[in-house]
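Two complexes, one shared chain (subunit A), two partners (subunit B, subunit C).
Take a look at the complex of A and B:
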């Protein structure tokens, strides 16, 4: 019962957030300089063609009207077509769509669906790597506050945080791809291509996890119920594994919800460096090309991801700590 | 196990603080023996080393404390020297431990049943899961936790302090230990709940034949429960004797001083403070306050928490008025209403004939100055980075009632009045003792020349000596300035000593409002009697726990039952109680009681057999 109410409330909130994001992006894109119609037909086209294209796209209508039209399409799952990308060129592109006037350009939804899985794969691997790095460091630090393990966690965190991701990306690909030849680094031809970018991302996220885990674990270890536990007859192993980590995991989960933005920002840079064909690269190109419908589509998609991940994080945190049920 | 077998032999035990230059000793040369089934009480003031001793007995000291000498021999094995592995087999299994803070003793994210089960299976691995579960449920029922099968799955935060302490008792007793260390287990509990726990411990001791080391700072409580008592002072044993010997002919000077400082509540020589008051200062008419709280786990449902439900009272000028009751009775909400921090939903509060609700702007600010609230924890309410003199001057600066030049004069005068050294003027509050900090906050209230001081548990954190000094100060201020005090407290002894009239609150209502003498000698409401019966005292107690103590806890202020709210626990309830909420009616010449049976024949107070019998049969059927 609780779950249902919770989901309803959060989904409703999420829809409101997505709506606001859509509106904001939509308006911003209309007021920045640059004529989309000119972009589509090309720099050499005569002015009448541009005007006709603009009329066809409804670019002269008032912005609220355009927005309503856009929303109307959106609820039907139509995110519009890219201004720039030809359907043929994007061979990975879209489902069949046989409207002759629009078919020549790639569908935004199709573009996103094609690029998103690669980014999700990258993010998942990055989170896995970051956990592999930060769990041992964070747990050792949290269990031994003030000792060398704590300092090790602190120092490694400080180092990771001060390494710029683009620099790390270049160094790692020089080392592993050029020198050692262990891992490929540019483009994407298979799962192995995800490893290096994921590593760079992981190192960017890890310091936050290490810090949060160290602090919250050290705090939990101070709690009365941990101090009492050995007297009650529990073994050290059980106390740490079943109780201390359980309690310390809640702030770490919340951290992931909060740090999602950092992760996404990192994705942009990392995909660009490694020429990794995910959502980040798509975004950068869309922005450079002023491909308004694509930018809008990506923005909506990302805000939806934000909403969903935060709901999942909250559900998971509540499952661990029932006091959070609110 | 044969009675008289020595199961615990503590020999010349010393504990020191590691790293301190002098190797400061917290325990020194403590020796005693505990026999099977015996209850050994340990008494002493804060800092006497009681808790250190409790932890040492289970080899549970943590850094920087260290056993620097002696042995704790449990059945011929020295627990201190025992290897970890062997200790693990004994501790938690044959030795139980219950601490002072039940709400923090279990993992807040795992259900209590699961945790007790986990513990039981950790120390008795041969037990099957089903058997262990069975056993946990059985002991949960034995400590009278209602609906054990449901509560098994609930989390620590869903339990009240008293219920949680029962859970911890289950946790300790589920393995059927040979001996149990109970360290200050009633410290955080309300009096009636504490009395219930004590009664329970005594019962369980018969049933489980466990030897108990019972540690407390309340002498009457220890005398009540223990077979033998150790009096501790400064880490040493001052005296060891039976309760009768301790109270009758104490040998050690320290024990004597403990006894002398014990507040007296009943006795022929006790004189209740009286006052002759002319005019009313504060009139509270039928005030109510309800809070809306979103219901847990729901979408848009709200609970109405009825914190205060129609309270009327008047406080006379120059009077000491007491408000007593247990956690959740609404006294803190009432305090907030009286102090004008919140407005009541209904009813009105009149101060010197003016309705606070109708005052606006400067008139309200002016009025606010006349009553000041003093809180329990002066530490939290004093800014840390401000000098003492500045803190006291602050209200004057805010209210701008006093010319700049005179401020310092007024501050110094106030400091002198409350007995603060003028040299403290430019110091921060960090180094001050609790009593001094409380004086700072009194001085801060004083500079505004208030008429009414509301003391919300103001004295409960202080030790008895400091407490009585402040009481003297309050009395002097009253003589000099004609102050009126409202004492909000759970401490019946304090209320008995200083208050002229007392209101007893239960679930948001005043169930009895009586003059001091009437309340303590001839209480009209069954709840007042229960409250009085639970007060630990060595005095000849007119209300025996056996006769008047209640089981259970107050219902939630969310679903208040129909009729008298006390009915679910009332030992003398009659049919009418379930129908209508009783009006407040006069009970004796100077008391008012909200009970249907007040004034009716048969409610003869203590020891009326007919009434009690009826009550018991009701309690069983409920």
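Take a look at the complex of A and C:
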């Protein structure tokens, strides 16, 4: 019953957040310079063709009216059509306004569905890598406060957080792809192409996890229930893994929910550098091409993912520590 | 036997993994794409395609390059520096100028289109009569024309009705892709997929990659490469990394520091050539304030081109004309505007804007990712113009967004100045001069100047090539240098880098390519 109430409450909050994000993005995209009608019909179209297209799209209507119309389509799962991309997948740039293919614009939802799985795959592997990096360093640091393990965790975290992701991406690509030839890096022809971009993202996320885990574990290890655990006959291993780490993991889980923003921001840069055909590269191209419906659709999609992941994190935290009530 | 929830979870996880193992595809983890033998050529293009396959619908260089693999041409122009006027016969086997308004092409027999249709005179007629219409966006043709079919494999291109010399098609024959008459009759088919007689046929579009496959019935025999993957990768560093790591076999539009990296690594071949492309600062001449040629001249005199060449390094070659040195009619134009702040201020004052006072905010649009160093020299030009009093703002855009803003339109194109190059696969100078500076076309700058129209008509109508060259050099170029509807900044040096074992590729000075003899040795 608690779970059901929790889910209903959080989902309602999530819908409100997505609604606000949608409204914000929709309004911002309509007040920035750039004529959507001109983008659709192309640079060579005469003004009357542009005016006709603007009328057809209802661009002269007040923004709230346009927003209501957009919401009407949105609840039916229609995120609109790209301004730039035809169904074939290439780009319209430079073609004539009266080309028959200009009428066959790709659906935003279809573009997102095509690209999202690759980004989720990248994000999942990045989280896995970041845990593989953070857990040994964070646990060792948390169990040995003030000693070299703690300092190692602190310094490695400081180095990781100082390294710009675009620089690291190029360096790792030069090292592992060009010099050593161990891993491919540019484009996507198989799962192996996810490894290097994921490593760059993992290094971006890891310092926050290392620091939070070190501090949290060090605090938990000072607690009374840990001090008396040996008296209960528990081994050091069991005390740390089953009791200390479980309690220390709640802040780390919450951090993961927040770090999703860093991860999604990092995906933009990393996918561009590695020419990784996920949602990040799609977003960058959409922004540079002023492809407003696509930017809007991706923003809504990302906010929905953000909301859902945070609900899952809260649920997981409640499961780990039943004292928590969200 | 005790079976608690932990054991249940463990057992069910193991069962899930065991059930999934047989379905695991090892190629999911490791792709065989890196296997070298018999693999298609991967070319990374710096520019996007348009999404419309009709060759007469666009002027996008990336798509012209792709068309060079897919389509056939009556002739090809290798434009080697030692013999720039050479033409190699392709779909034509012979050509001759019959009279002032007639040029005759004897056509090759035994050639077929990718859809199986045999190539013949009707295809040349359909292509030339369709693509030369004034409403076709590409505007490569000097004017409309009629084609007379003499027999199944002989045609005569006639220009008497439109009153310009047919000899203009001599060099142009190397640049006009031949379409199927069947496709021309059905416009939708023409736009939906490319269908030519070239060595490679269109396979499919996969996102930003166009997959081309070797054409079994190519008239010179099936190419050795099984196919070409033509991909758009907008970032030059990414293209370089892809080549260095073996993901790409051939890349284009390199910058000086990337050339150094590739040379240092070894194992790659570089192709550097002074191209047919000049890079221009185009003024929007059809709207204020650059509808006044004195203001355009002021802007030209504010720009020190030697600084731009320093920034470009190996990617730029100095030139003082509106066409490249490998084009017919090039001349080192004596009155070409030099950097001269005093002249700049004089023209500003004459135009009614002393020291730039009273000028509106000016927008200078450029692209990033396709042409080398555009952002860097764009910032320098902006600073130089600002120094002389021009209130200029630089707007740097991604290639596709910039492409959408490139052309003139009624009331003037977007912004006030825009950066763009112009590259055409033929020595014919009118592919630049007439396309851009004659009021019947004026693609980017939108200029309408009766004096310029008059000299351009005069050179076009000259029958004797020597006389035509003289008019271009002594009348057209000086007038353009005076009115400056655009300012030619430099001639591009095209730099392609490829795997060292890739042999037999021919790269034309405009970036078009011929891979029918190419192979990985």
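One rule holds for everything that comes next: the second predicted complex is superposed on the first by the 310 of 326 C-alpha atoms of A that agree within 3 Å, B and C clash if a C-alpha of one lies under 4 Å from a C-alpha of the other, contacts with A are read in each partner's own complex, and residues count from 1 in each chain.
Here is the rule we go by: a residue touches a chain if its C-beta (ideal position, glycine included) is under 8 Å from a C-beta of that chain, and two chains touch if they have at least 3 such contacts.
Everything numeric in this text was worked out from a predicted model, so none of it was measured.
Contacts of A:314 after superposition: neither subunit B nor subunit C is touched.
In the superposed model, A:223 makes contact with subunit B only, not with subunit C. Contacts of A:272 after superposition on the shared chain: subunit C is touched, whereas subunit B is not.
When both complexes are overlaid on chain A, the residue A:52 reaches neither subunit B nor subunit C. Applying the stated contact rule after C-alpha superposition, one finds that A:184 touches subunit C and leaves subunit B untouched.
In the superposition on chain A, contact is made by A:233 with subunit B only, not with subunit C.
When the shared chain is aligned, subunit C comes close enough to touch A:192, but subunit B does not. In the superposed three-chain model, the partner touching more residues of subunit A is C, compared with the other of subunit B and subunit C.
When both complexes are overlaid on chain A, the residue A:243 reaches subunit B alone and has no touch with subunit C.
Shared-chain residue A:78: touches no atom of subunit B or subunit C. No residue of subunit A lies at the contact with subunit B in one complex and also at the contact with subunit C in the other. Only residues 27-31, 33-34, 48-52, 54, 57-60, 63, 137, 187-188, 191-192, 205-208, 210, 231-235, 237-238, 241-242, 244-248, 265, 397-407, 409-411, 413-414 of subunit C touch subunit A when the two sit together in their complex. Considering their complex, residues 1-2, 5-6, 8-9, 223-225, 227-228, 230-235, 238, 242-243, 246-247, 250, 320-323, 325-326 of subunit A touch subunit B.
Those residues of subunit A that touch subunit C in the complex are listed here as 38-39, 42-47, 84-86, 88-96, 99-102, 114, 170, 173-174, 177-178, 181, 184-187, 189-193, 272-275, 277, 285, 288-290. The touching residues of subunit B, when paired with subunit A in their complex, are 55, 58, 60, 62, 88, 91-93, 97, 99, 101, 104-110, 118-119, 122-123, 155, 157, 171-172, 175, 294, 296-299.
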